Amino acid sequence: MTQLIDRTTRGVYIIAATPFAEDGALDLDSLDRLVDFYAETGVTGLTLLGMMGEADKLTPEERRAVIDRMMSRAGALPVVVGVSDAGIGNLTDLGRHAMDRGAAGLMVAPSRGPAREDRVEGYFHAVAAALGADVPLVFQDFPLTTGVPVSPALIRRLSNDLPQMVMLKHEDWPGLTKITALRAQESAADVPRLSILCGNGGLYLPQELARGADGAMTGFAYPEALVQTVALHHAGRTDAAEDLFDAYLPILRHEQQPGWGLALRKHILMRRGAIASAATRAPGPRLTTTDVAELERLMARTERRLAERG
Amino acid sequence: MTQLIDRTTRGVYIIAATPFAEDGALDLDSLDRLVDFYAETGVTGLTLLGMMGEADKLTPEERRAVIDRMMSRAGALPVVVGVSDAGIGNLTDLGRHAMDRGAAGLMVAPSRGPAREDRVEGYFHAVAAALGADVPLVFQDFPLTTGVPVSPALIRRLSNDLPQMVMLKHEDWPGLTKITALRAQESAADVPRLSILCGNGGLYLPQELARGADGAMTGFAYPEALVQTVALHHAGRTDAAEDLFDAYLPILRHEQQPGWGLALRKHILMRRGAIASAATRAPGPRLTTTDVAELERLMARTERRLAERG
Amino acid sequence: MTQLIDRTTRGVYIIAATPFAEDGALDLDSLDRLVDFYAETGVTGLTLLGMMGEADKLTPEERRAVIDRMMSRAGALPVVVGVSDAGIGNLTDLGRHAMDRGAAGLMVAPSRGPAREDRVEGYFHAVAAALGADVPLVFQDFPLTTGVPVSPALIRRLSNDLPQMVMLKHEDWPGLTKITALRAQESAADVPRLSILCGNGGLYLPQELARGADGAMTGFAYPEALVQTVALHHAGRTDAAEDLFDAYLPILRHEQQPGWGLALRKHILMRRGAIASAATRAPGPRLTTTDVAELERLMARTERRLAERG
Amino acid sequence: MTQLIDRTTRGVYIIAATPFAEDGALDLDSLDRLVDFYAETGVTGLTLLGMMGEADKLTPEERRAVIDRMMSRAGALPVVVGVSDAGIGNLTDLGRHAMDRGAAGLMVAPSRGPAREDRVEGYFHAVAAALGADVPLVFQDFPLTTGVPVSPALIRRLSNDLPQMVMLKHEDWPGLTKITALRAQESAADVPRLSILCGNGGLYLPQELARGADGAMTGFAYPEALVQTVALHHAGRTDAAEDLFDAYLPILRHEQQPGWGLALRKHILMRRGAIASAATRAPGPRLTTTDVAELERLMARTERRLAERG
């Protein structure tokens, strides 16, 4: 029986990379390996086909193939599937496929184009109606990429009006005060809480947790850093959580470069044995030898610092 | 005694160009001539220092000089003054100066930057508080330039919450359905009407009037076209209004080219004797001989068509 | 034997709408009817799957179905196919399919994302290399939608460096001086001319033709207006061309409203018998009865004016 | 005799905050104190009236007052002055004032508006011509704020064509490969080097230095961190430089939040005794008690970590 995300979901949902062979073909074997890698780091769940999963460069068949393969490998790990699309019909088709395969919920970003909040609101109502009330939804709030800034009041209205909108993927920037505003709203009676998982590579994760976030939904190539930071925080050990986090911060910040960071992330995943090739689909970032040397130096520095921590 | 704009204001407020000498200095004599020119076309009022008034290239002293000179020449014509500014302090200083000189109201566009509707709302509350309750405000809704799309619900909320926000300068694009939405809201009890004057060069003026707009606030170099279109429409002669409008449409559409249109507008105003020079301040558009020949051909075609109409 | 577009191509390539049934399914019968309708208006060619063809809401299979059906119906009419895509692989797959079916060329817009001109340049070199030297390309220069403004120098460099980049779909706004700049460059020796067809709904078509454009590639629901304007212009009857154009300008301007205009266009096409339903795929614009009445009034006014011209 | 910046300038030019009293008035005493504070941290120079200096909320008189007061206090420290403005006339007036007072150079960002690279190029030629050949210029390349992405080729062309354009304030993001590209261009004969100082809060400073940057021009509230990082790097102690930098990284990253970070920076400067009040001019960010507690916790963690380093 499928475990669905709900308004109390917490932990780390890692945004899964999509592995390709050097020629750009889907690398299904690496898909398996990558799921195992993520599972071993202790993540709570997986999120497939997010923006950093190059979903917009996959055909619908390829998206389904990724869903089928990764979900069958994921076993008991809950899986959220990104289904953002220019058209609601295609979004719904992919979303139903994912839910049929046992997905825990679907993630949707406001579609590009006229960014007025009333249109964003209408869009999510239409998406929710098309998918049905039993499909849990994640609102991806990522203005840096979507170009659509969204007020806390709109997020709350959607959360109140659409029972299935159970989670916010928070990646407004700056966005710390938004978490505080959303949690403050929940002190009123009759305001159902939202699960808030944070994106943006986790760049402000300790602060976000302190302000009431429930965890992370992002794609750092050292998922164990996110897992341990969240676990320590939830155990009340906030300083230990932040000390651990800070040890990873130099490379986390390096990976958190828009667009280009995907190539860095895939290179680390390859070097850690999680995928066979760091290839991205064109037009995508490619690393030069200078870029690789710079990155591997940061990897070595990270490992040294972790070793020093003992 | 100053006549203030209010929620029933209608007619044509022409956005005044700011005339410069060839060396870029303010041309105060042309300011007088331009006010007389506008008055003779029958406009209801003037709007100074709008985006097409190159206000952002004037120093605060120059802005005050323009206000003082044009308002003393305008006599009984009500004058709205654009005071948009990066800082609320400077906005308020200029606004108070304008109101002291007898302005009919002030126009403000949402400041650039994070475009979230909650921030736009907070910004207008802060502006209104700084200026005081007795200063009528015009909300300039021009997303193509400000980058800030605004929902009808937010405009209405500001109109309801701020009694002094009496007018919308409507230039969302496409924006016809927005007028209809705003007027529909007013059928409810206790919703005070907004005056709606339309910008965007008047490109959709007949349609906007039919949907409930009260007139135009824009800067076409043939203000009599706007005046007559609005007057005919208000007299119930909608087809005659549109026939007249359509005779001007080819050159109106030509002038309505973002940024570049300012040079076209000033050239026409110069050719019509309203200002001495078509100069804009750098970095501003400049016309080549090709551009001028193209424009003058359109002017001649317009005049011929008007002559044919008799 | 397929007729390919080249650097001397002129005339009117009409951007084809994609007809859907009320339930959102592709309406293949209307595809046939629409091709016949366009052919009867005298267009030079068709352009499929442009931005106003809702291509981003079609699956790859549907795009191929549209190509196959419309091209088999188009007979001798040359057909350009829009293949813009987030990934070069999918772009290439669709492009090859279209060329195999006999397309006259492919149209590509700069991909969204980091808009630096060096990246746009690299992107088009990559696209051209992937498709091969024998596939004629159209550069779609539409900054209002893509968010990517492009200098004339870059267009020229791509035209010079890529022999297959034979055509510019010009829809920068304002953009008249760009045409003049591009044509001036061609007065130098060794600079191959570009075919320039204009988009933007044709809003400035007479001026664009006078500055050296070769025709139109846009989607007005009265294609005969574009056809006759271009024909009269090419026959040296520039005033007659513009008189004819101006008779259509009020409704052309109405249709030329970003995004929303698609619903207007489809409604006119339906009323003219070219398609069975005006439906767009969600999230797409829908007309209210107010919108329809406004539009039909403009249609009636247009027909009356044409009748008056005799 | 004034020391001008040139193509070999290196080190740390700290972007100076502009201190205000709680009521928004310029706080001239704090200006003195702040200059002394910066000087004591060992910075190479100061940069006044940058984007984080709230220059757009100052009147021209206030800008001159800031320049006069800070430059008289700065003594031998070279001072770069930001003069970005919507109009070239006002830019030139302020720039001449600054140079007359002994500024070391002027910083200009591409003006907003049509962002085509040919227009950016024309704009800088016009600015350089207006200021004269003896005024050293800094090109501020900050697309996240200006909305104007710029190719390395354009920066190089401006550097080659305008001998006075001696420095790049590098803050493209991601931007590491841009530094490498610019330095690679300089290996060709006859390509004069550019001084490259990095902004963006210094978030990638160690990597930027390794790729050939000459230092930093940014506004971190712990300037000594930038000073020591650059000094250690220039001394060849790259690992020590990065270890030092990483100790500050958690709070540096916190301060590097667009817009909001200014309030954080001013709070730290106030707590360090450099300015009397953390006030920003409206509309500007304000910290809540939650925000302050979060920030002070990060300050305490930073100090603890520095103490542990000994």
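Read from first to last, the chains carry the letters A, B, C and D; within each, the first residue is number 1.
As a convention for this text, contacts are C-beta pairs under 8 Å (C-beta built on N, C-alpha and C of every residue); 3 or more make two chains touch, one makes a residue touch a chain.
Which protein is which chain? UniProt says A, B, C, D = Dihydrodipicolinate synthase family protein.
Small disclaimer: the values here were computed from a predicted structure and weren't measured.
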Those chains that touch subunit D and also touch subunit B are A, C
Which chain has its C-alpha centroid farthest away from the centroid of subunit D?
C
Please work out the Cα centroid separation of subunit B and subunit C, and write it as a whole number of Å.
33
When the centre of a chain is set as the mean of its C-alpha atoms, what distance in Å lies between subunit A and subunit B?
45
Centre-of-Cα separation between subunit C and subunit A, whole angstrom
38
Subunit B residues counted as touching two or more neighbouring chains
114, 259
Subunit A contact footprint on subunit C (complex, rising order)
24, 54, 56-60, 86-90, 111-114, 122-123, 126, 130, 259, 281-283
List the residues on subunit B that touch subunit A in their complex, please.
114-119, 149-154
If you look only at subunit D, which of its residues touch subunit A in the complex?
173-174, 176-177, 180, 203-204, 207, 210-211, 239, 242, 246, 249-250, 253-254, 257-261, 288, 290-291, 294, 301
